[in-house]
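Labels A, B, C and D are assigned to the chains in the order they are written; within every chain, residues are numbered from 1.
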Amino acid sequence: MAGSSYGNLFKVTTWGESHGAGIGAVVDGCPAGIEIDEEFIQSYLDRRKPGQSEFTTKRSEADAVKIMSGVFEGKTTGTPISLVIENTSQISKDYSNIKDVYRPGHADLGFDKKYGFRDYRGGGRSSGRETAGRVAAGAVAMKLLKEYGIEINAYVTQIGDISIDRSAFDLAEAKKNALCMPDKDAAEKASEYLKGLIADKDSSGAMVECVVTGMPVGIGEPVFDKLDARLAAAIMSIGAVKGIEFGDGFDVVSSRGSENNDEFYIDGDKVCKKTNHSGGILGGMSDGADIIFRAAFKPTPSIYQKQNTVNRNGEDIEIEIKGRHDPIIAPRAVVVVETMAAITIADLLLMNKSSKA
Amino acid sequence: MAGSSYGNLFKVTTWGESHGAGIGAVVDGCPAGIEIDEEFIQSYLDRRKPGQSEFTTKRSEADAVKIMSGVFEGKTTGTPISLVIENTSQISKDYSNIKDVYRPGHADLGFDKKYGFRDYRGGGRSSGRETAGRVAAGAVAMKLLKEYGIEINAYVTQIGDISIDRSAFDLAEAKKNALCMPDKDAAEKASEYLKGLIADKDSSGAMVECVVTGMPVGIGEPVFDKLDARLAAAIMSIGAVKGIEFGDGFDVVSSRGSENNDEFYIDGDKVCKKTNHSGGILGGMSDGADIIFRAAFKPTPSIYQKQNTVNRNGEDIEIEIKGRHDPIIAPRAVVVVETMAAITIADLLLMNKSSKA
Amino acid sequence: MAGSSYGNLFKVTTWGESHGAGIGAVVDGCPAGIEIDEEFIQSYLDRRKPGQSEFTTKRSEADAVKIMSGVFEGKTTGTPISLVIENTSQISKDYSNIKDVYRPGHADLGFDKKYGFRDYRGGGRSSGRETAGRVAAGAVAMKLLKEYGIEINAYVTQIGDISIDRSAFDLAEAKKNALCMPDKDAAEKASEYLKGLIADKDSSGAMVECVVTGMPVGIGEPVFDKLDARLAAAIMSIGAVKGIEFGDGFDVVSSRGSENNDEFYIDGDKVCKKTNHSGGILGGMSDGADIIFRAAFKPTPSIYQKQNTVNRNGEDIEIEIKGRHDPIIAPRAVVVVETMAAITIADLLLMNKSSKA
Amino acid sequence: MAGSSYGNLFKVTTWGESHGAGIGAVVDGCPAGIEIDEEFIQSYLDRRKPGQSEFTTKRSEADAVKIMSGVFEGKTTGTPISLVIENTSQISKDYSNIKDVYRPGHADLGFDKKYGFRDYRGGGRSSGRETAGRVAAGAVAMKLLKEYGIEINAYVTQIGDISIDRSAFDLAEAKKNALCMPDKDAAEKASEYLKGLIADKDSSGAMVECVVTGMPVGIGEPVFDKLDARLAAAIMSIGAVKGIEFGDGFDVVSSRGSENNDEFYIDGDKVCKKTNHSGGILGGMSDGADIIFRAAFKPTPSIYQKQNTVNRNGEDIEIEIKGRHDPIIAPRAVVVVETMAAITIADLLLMNKSSKA
């Protein structure tokens, strides 16, 4: 596998499988002098930790991060920051029932064809657990962005057919409820919906929205490293994401230029926009407005219903998946979306330092 | 600007502005021995050439490509292929009216803030004309993919509120009509709709769908270089794209695991899927089914209506855009979508050669 | 710091400081199916471990490597291999005497100017200890190369003015004596020379030669990723190396074309060379002969003599360096040279897989 | 071929063969606002142009560069700068005599084995002509460095056994004589020596030295992207270079720490060094002193003597090389060394902008 590194200047390399010795990340290229400690990073990891509500797996990982290098006397030194999270909850169990099976909705088939065999324990490298390394690295990016006045918040706006009421939008609420929805009523309805799905041995998809505030104008490189192209890659690289849209997104298809263009105006000495159909990005560069994007998460593929599938020997079989699986992926992925956005923006912010001599 | 190169092994570097001396691309890493000539590449460029219908700008560029290196006796040599298209239609005109203006929906503001000034003639590097280099390079990728039995076709499925009728789907039709829609009736309705918009000095968004057939299983690198992540970056890097989705895309939000999972079955010695909700990608790797994705194109931002905006001096102004602008971007972008997908898949196909020793 | 990753397809990222929590490396892109275990990697680390002779520091690090990911049931899985070596011998001591000092021959000044401050404990990231991560990662490369029949051996050919006698060359001897010289007599003379230097509180430079056997023809990319260019970067990136030469090296300056050209001849169905002035590389690609290069290592800069220098406050001062320092760097660096060569060749070998379609 | 791009932020991609349609380079990542024009770039190209003395091939290429993009109103815009040099002197001749031959000292064998066939006309991509693209791109880097007060000068210090007299060193002289030697007497002796070699149908190696002045402290990334590692790769990637050394170079082998360490002292508010054994680089970062390195160029492999070699059919044969070949490579390579150094330093200078937040 290549492709375990991401970013040009703020470069993150992740490693680790679900049931190996641990999970981790190396952050290379973080500027020196940023205050950071394990506690801060841990606060991000805790948001994706399992076992926190009835909608997340009971598997309880401490997910305790250790800074192995790159920080001295509480500050980044400019050298690579190695973050290690030991796996503590790998129950030594019998995987013989899934060892040779290609589970529907999973990457088992691809892994076997690509590499000739696979680490079948708990999904190996394609486990959601892989994102722990991203979150740890992204917490560092988040701290760097704070120095530039940039903040990033993601939350769940839809689960099944239950959407938030935009007029009741409350970001603080999203930090409180188990489903990370910025609307208490919607969260309650979604909660009922999920309970029904659990009873049905089923799972649900969801929509995650992310807002970046405080962006300076001109971040993003105009051709292949456009800000939206890079964010799209970053977010689509999170397992289970099947689509991403910026600003008005897919609604632009039925829109007109006269509706979709955001008019500029001057406020004091600042260029502002009357609307934000663009989602804060024009021509691949930030336009000064908030960046807004939405990602579609598919339903957890591991469901407890009987399913038809095949095995490595080329036989049609029936399987019933055991183990610990969330009925919905999105709430724990909210912090992954935030941190992947942070890594991307940190990288492009550093790239931008050489746009002028 | 960094970010004018794309790909790890099949690496494309594009250059050129709308009104400079020319546009071009360098393809580094194309394997040796692929038969290619200017005629083949030209056939792709001709599909994005302006001046071909009432819905494309009257600006007539010959867009004649010249192979400057990397091909010997009709075959790629393994050395970089330089493709140059001279600009022939740069009308020497007076740009003083847009020189200092930040056009709504355009990247003018970003360029000025990022670089301190900009080449204001015809959009410079953010002009749609930049994609000519991509198309030329992508034609080479397309030829490489043919050797592996992979084909890629894109077409327009929706313009405004007019969608194709899936039951009337006809790919051959998409190659014939000016709007690249695989449904003659829809194309005719959309044509009427666009004529109305032209009369209104307005423009329309559209949806482009792309299908990749013949994919082997296991292409794509499982973490940051997932096949869908890389395709998302490639397609989002095309100007005017505001969203991308794979397979069921945003519909997964309201779907259930039991609906969304594609069951595998054995057909002869092949692993097949009963459905293709995944759009041919699981865990970031091809799953053997057709790859299907859709991209949302925003309406052309250059419209002839009077618009409010600002200029470099920080003044609120009114502008009326002159010049030659398409009322819709998508039909000419269809071949750009195909070729960017081709470059991406070619790159990941070569990457995959080192997955096993 | 960027630049902690090396390689395109076989990509190694190292992290860790001399006196932090540990040292390590992530190997991304190693093909699946290579047999590897901690014992094999450890055997390489043990060769650079301190405390093994009178000429290496008494600091005793266990340097025990742990494979954290990427290996399953004794084989590489294709996913990133994380290798961690915990630091166990960081004596908690008072660094106040060197904290603000710019030691002659060291990178202290550069670190301070570049990052604003530095981790002054034991050289931080510029410590020779950084190479432990490289060696661990390089052991994996070495195992991969063995599958292709490629072997790499380095040894010390000169210390001070004492050179090996080429007619007495004995590779097995180099594996036995503390100075890694393939000539017992030379090793004994050099040993006496070094004892004298220790008494003088001084240190010595040395020459390391490296030979790669079993190379297929055509490895290396003809322009910027020439095999010799990449090896030069890899070896020059080892601290203390001040020069590198291939084949006849600097002797080519006074040579003639008629002497320097290696004539080809046919032996069975193989193209061979009568001589190997080129050192196995022509036009940046392997030519089928053994690859031979030499690297010049400077004397250890940490010497116990009183030296004039300056501190952070801009004052001229005198220092006497304390601590544990080898009087010669090269013998422990031999395995670093071998493994950096292995990583480079592994990378270019994988690159070469896409030279033809 | 991959590997036709060089640099992370200041990224140069070259293309073109000796006898194709042209040669060129794309510079991506040059900061905006640098004044540049074709005349300035041409002045660099003219220094490597053939036909300028009795020691360079009579082939007369105009080598006229054209800026195709990235420069507007006399300044770099931040977008990629495409530089094209059309080949005008490709004599259409019969290559059948070398088509299937593996010339001694050339890359013919490697190309054939790597790619299956090769463009045999004039060396194709491995021709010295490939460096024209580098020189054009490097002239841009040189202009950028001037903004930072950095200058780079290379010259020839030795040809055969004839070395310059350091006490007579005169940089201005190196710009005047045909052999680029900073010592008129040495140049004259070397000139006689070369005339003798021409009569003997032979060729000579040479040494090129390069000095970089005005470097700020701390440029270079401390591990794999060390300033000397990157310079070594850049210079070794020039065809015919067989070795590189920095500062005292290979002399460090027989040196002692007490001799080799450069003592620091304070001069006003500046940290200076009493000596410069390090060649201006410590721990992979610039130390404020001049950067000094030397590269060994092998004798031109194309000599007119009869040579034994083999052909593609596996036959032992005799060849006599025809055509136009310099009896020495170094004088025309001096500007290639300077510009490759400039590209490298420009890249690391931009990298350094993100060392602190």
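Miscellaneous remarks
As a convention for this text, a residue touches a chain if its C-beta (ideal position, glycine included) is under 8 Å from a C-beta of that chain, and two chains touch if they have at least 3 such contacts.
On a predicted model such as this, the values are computed, not experimentally measured, just so you know.
Summarising the inter-chain layout, the chain whose CA centre lies farthest from the centre of subunit C is B.
Ranking A-D and A-B by contacting C-beta pairs places A-B first. Averaged Cα coordinates give subunit B a centre that lies 39 Å from the centre of subunit D. A separation of 26 Å divides the Cα centre of subunit A from that of subunit B. Averaged Cα coordinates give subunit A a centre that lies 46 Å from the centre of subunit D.
Shown for subunit A are the residues in touch with two or more other chains, namely 1-5, 8-9, 14, 29, 32-33, 78-79, 114-116, 125, 222, 351, 354-356. Across the complex, subunit D meets subunit A through its residues 8-10, 29, 31-34, 78-79, 144, 147, 222, 350-351, 353-357. Considering their complex, residues 1-6, 8, 14, 102, 104-107, 109-111, 113-116, 125-126, 130, 158-161, 197, 200, 202-207, 216-218, 220-226, 228-230, 232-234, 236-237, 239, 241-266, 269, 271, 274, 278-279, 282-288, 296-303, 305, 307-310, 314-316, 351-352, 354-356 of subunit B touch subunit A.
On subunit C, the positions that touch subunit A within their shared complex are 1-5, 9, 11, 13-17, 20-24, 26, 28-29, 32-33, 66-70, 72, 75, 77-82, 84, 114-119, 124-125.
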